[in-house]
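Data block below; observations after.
Note that the chains take the letters A, B and C in the order they are written out, and that residue 1 is the start of every chain.
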Amino acid sequence: MLNLRLREIADMVGGELVGEDVAITGAAGLEDAAAGDLTFVSRPALLARLTDSRAGAVLLGPGMTAALPAVVCDDPYRAFARILALELPDPDRVFPPGVHPTAVVAADADVAAAASVGPYCVIGAGTTVGAGSRLGAHVTLGPDVAVGRDCVLHAQVTVREGCRLGDRVVLQAGVVIGTEGFGYLPGAEGLERIPQVGRVVIEDDVEIGACSCVDRATTGTTVVGTGTKIDNQIQIGHNVQVGRHCALSAQTGISGSCTVGDGVTMGGQVGIADHVKIGDGVKIGAKSGIMKDIAPGETVFGYPALDVKETFRIAGAMRRLPDLLRRVARLERAADEEERP
Amino acid sequence: MLNLRLREIADMVGGELVGEDVAITGAAGLEDAAAGDLTFVSRPALLARLTDSRAGAVLLGPGMTAALPAVVCDDPYRAFARILALELPDPDRVFPPGVHPTAVVAADADVAAAASVGPYCVIGAGTTVGAGSRLGAHVTLGPDVAVGRDCVLHAQVTVREGCRLGDRVVLQAGVVIGTEGFGYLPGAEGLERIPQVGRVVIEDDVEIGACSCVDRATTGTTVVGTGTKIDNQIQIGHNVQVGRHCALSAQTGISGSCTVGDGVTMGGQVGIADHVKIGDGVKIGAKSGIMKDIAPGETVFGYPALDVKETFRIAGAMRRLPDLLRRVARLERAADEEERP
Amino acid sequence: MLNLRLREIADMVGGELVGEDVAITGAAGLEDAAAGDLTFVSRPALLARLTDSRAGAVLLGPGMTAALPAVVCDDPYRAFARILALELPDPDRVFPPGVHPTAVVAADADVAAAASVGPYCVIGAGTTVGAGSRLGAHVTLGPDVAVGRDCVLHAQVTVREGCRLGDRVVLQAGVVIGTEGFGYLPGAEGLERIPQVGRVVIEDDVEIGACSCVDRATTGTTVVGTGTKIDNQIQIGHNVQVGRHCALSAQTGISGSCTVGDGVTMGGQVGIADHVKIGDGVKIGAKSGIMKDIAPGETVFGYPALDVKETFRIAGAMRRLPDLLRRVARLERAADEEERP
């Protein structure tokens, strides 16, 4: 709950107050907003929706006007996000400071004094946790793990032996880092495990969603690059190299030894076959199945994936296919009749 | 293991005993049934399968007959389910009563005397657990969570701060409720987290399968409506509103801000793009990809999804497409020859 | 880190040393290898890649030669796997021996003296754990569970009441065995749970990847057969029978009551509708949707899945479909003109 005047908000976001300096007690999207709430409109086309909102005030972009008290600023959505942050719960309530007495910390683990370790965490031999990092309940760090500074690992996260997290990494509940990937050799008595002796490196500012998994490399390193955001229930196979500042949506799977460039975005439920290379800046539509390399900058969609425009053109043509069959049959009958003497 | 006479079962389900009053020691489907087991046949068309079953007795619908001892009743499947329930293990064996001494319960949490809290559960500040609710091992409830009456939360469940469960909610092992969703803004130094200050409300009689995730709202509430059943490994994005009495099959994903009406059924691995509205009573076939609103009562299928009949018509036509290409080429050759002088 | 001479490696794998008997300090794939590392080349076609590798020595197949010190042997990949195994961490470092004092073990559970039980494990009444089996932190075994010999259950695994694991079973972190499946009956007040009184049997030498789920049977047994390997985030429904020596890739889902034969392979994100029978030796391409039985030995692909050759033929033809529409329209115009007097 907020306790601010609209003028204070204008000052915080570097905007201009237009209208009454009302009291603001919360922040919410247009549809959720109640009386006293601040909301935002980022595009003039959405201004009409304000009439149905119960919001008490609004953040607007340059040149926009509204019937209710407003703050006009350069980037209303970003300004709104800044105000939202004031409503986050006190982190000390979610992650009480200090090492909980029930945590099992190996004698030679090195947990920074300014870290928070929740109840029943298990921290293995030789593992380090940097200052400002917060571990929820039941987090399991294997031996020889390195967690950087200001990371947040939510409840039930598992990081297996030898894996490394950079700084400001967020792992949501149930994330599993460093499990053995799907590597087997056919043998006389069935599939035989190929030992997976590599590790995983999660670089700075990466966020990984609930129940997502990143497999350790067979040899070498599986990497998720700086700033990349990974949604829930995503699978990253062994030896995959994900670049920097990518955004992968939920339930996507990347098979072993793929390379994903920088700034790549993927919709949900995308699947990528093993050893495929995805170039920088590629956009992949939801549910696409990728079986071969994608050149930098392309936008692809479909199963199997093609250039997005071609996929939509084909999808449109497919709806005309049953009729096309009838039309061709008609042409054939006409041609037949013509040939008959 | 049961220890009943068939007449007792007839009395329990309000049916009529036909044939010998045999002893019943178990209940099983047609194919699994052993001697002494009760089985069921719900439709006359399936009566023939009884000849291959080793069952000792059978529940039949009105007007059906069989060579083995039977109970004829209105709804054999439902009657069978009632008998199956007698074979469930004693809940006190699975969830021993009381609060396990290893549970970490915040001083101001309010756990009902008649609740069961398993080993190593962690219950945060200000959280309430209603009477008759049972928590398996390693359940983590953040601060300010509310769990209603007669809920069952299996091992390793996580419910994040501020989220609410109604009464008789079942969360299978590994479920994660209230994680921050996939909301970022592009910034100068990469994607920036939009604070997610909303919460999740799971209404009464909802069941959620293993390792499924429901993200908290950005602002406001992500809702799963009364009586809705969610299978394993399902992803529900931030601000999604799922209606009442829906059935969502495994590995389905619903993107942020979607609205799903009442009584909607989805097959497995369905994907729905963000901000889509699915009307009441819609049926969505397995693996469908939904990119736009679906009107109430429609049945859709495919990727991209269309009316199910159209999708099957197109799928049938597609199998004729390679041949169609040849037929058109033949017509073109014929036309060419005709034009030639 | 290894500390071997190449000749020792030749002796271990039964191969022939060719070139200098160099010191070997590690083992890595061609691209990851550093100075001192042993690598391998399994096919002559890949020999050219050696020139870009920094490896210090190489395992080669019969008749192959290289510019760097080599061991020629029958099966370089398998030999490499044997050397990799030397680099695995000491299992006693990952799973310290003995039962950790924080484990909650029921009075009548039977944990073999030679088993390892990690911190905060919970082992239910009547449960047995065989010799040589290792449980990571926070593993929850319900009552009446049986775990065979030499199994490895990683952190946060849940095995529900009455389920059985054979010998040498590996369950990666977050696996859930024995949850109630998606079985409901429509009732007057909504969907009603069909009691799930069956169990799960995981046979010998099965491996199951992180966050995968196997539902218990409604009645009888859900089975995963000997030697089958299941990747991460896979869903196996109630009463499914998976055969022996199958390989199922990540994010695949098998609906209730399906039967999968022996030696079946599935790519990632495959979905199979309920009650489908998949014959022995079937191969299913990634992302396929299977709605009907597949005969033994077939290779299928697509959504809906067809014989793989037909699917690729149709996919190729689809790319010509927009043009085909134009071609048919041209033929129709020509026919029209001809008919006009």
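Here is the rule we go by: contacts are C-beta pairs under 8 Å (C-beta built on N, C-alpha and C of every residue); 3 or more make two chains touch, one makes a residue touch a chain.
Just so it is clear, the structure is predicted and the values come from calculations on it, not from any experiment.
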{"item": "When chain A is superposed on chain B by its C-alpha atoms, the rotation angle in degrees, nearest 5", "value": "120"}
{"item": "Residue-number overlap at the chain B/chain C interface, same or different (half cut)", "value": "different"}
{"item": "Geometric centre distance via CA averages, chain C-chain B, whole Å", "value": "25"}
{"item": "Chain B residues counted as touching two or more neighbouring chains", "value": "102, 120, 138, 156, 174, 211, 233, 251, 269, 303, 318, 321, 324, 328, 331"}
{"item": "Touching residues on chain A, where the partner in the complex is chain C", "value": "102, 104, 120, 122, 124-125, 138, 140, 142-144, 156, 158, 160-162, 174, 176, 179-180, 182, 184-185, 187, 189-195, 197-198, 211, 213, 215, 217-221, 233, 235, 237, 239, 251, 253, 255, 269, 271, 273, 289, 291, 303-304, 306, 310, 313-314, 316-318, 320-321, 324, 327-328, 331, 334"}
{"item": "Contacting residues of chain B [partner chain C, same complex]", "value": "27-29, 31-33, 77-78, 81, 84-85, 87-89, 93-94, 100, 102, 118-120, 136-138, 154-156, 170, 172-174, 205, 207, 209-211, 226-227, 229, 231-233, 244-245, 247, 249-251, 267-269, 286-287, 303, 315, 318-319, 321-322, 324-325, 328, 331-332, 335"}
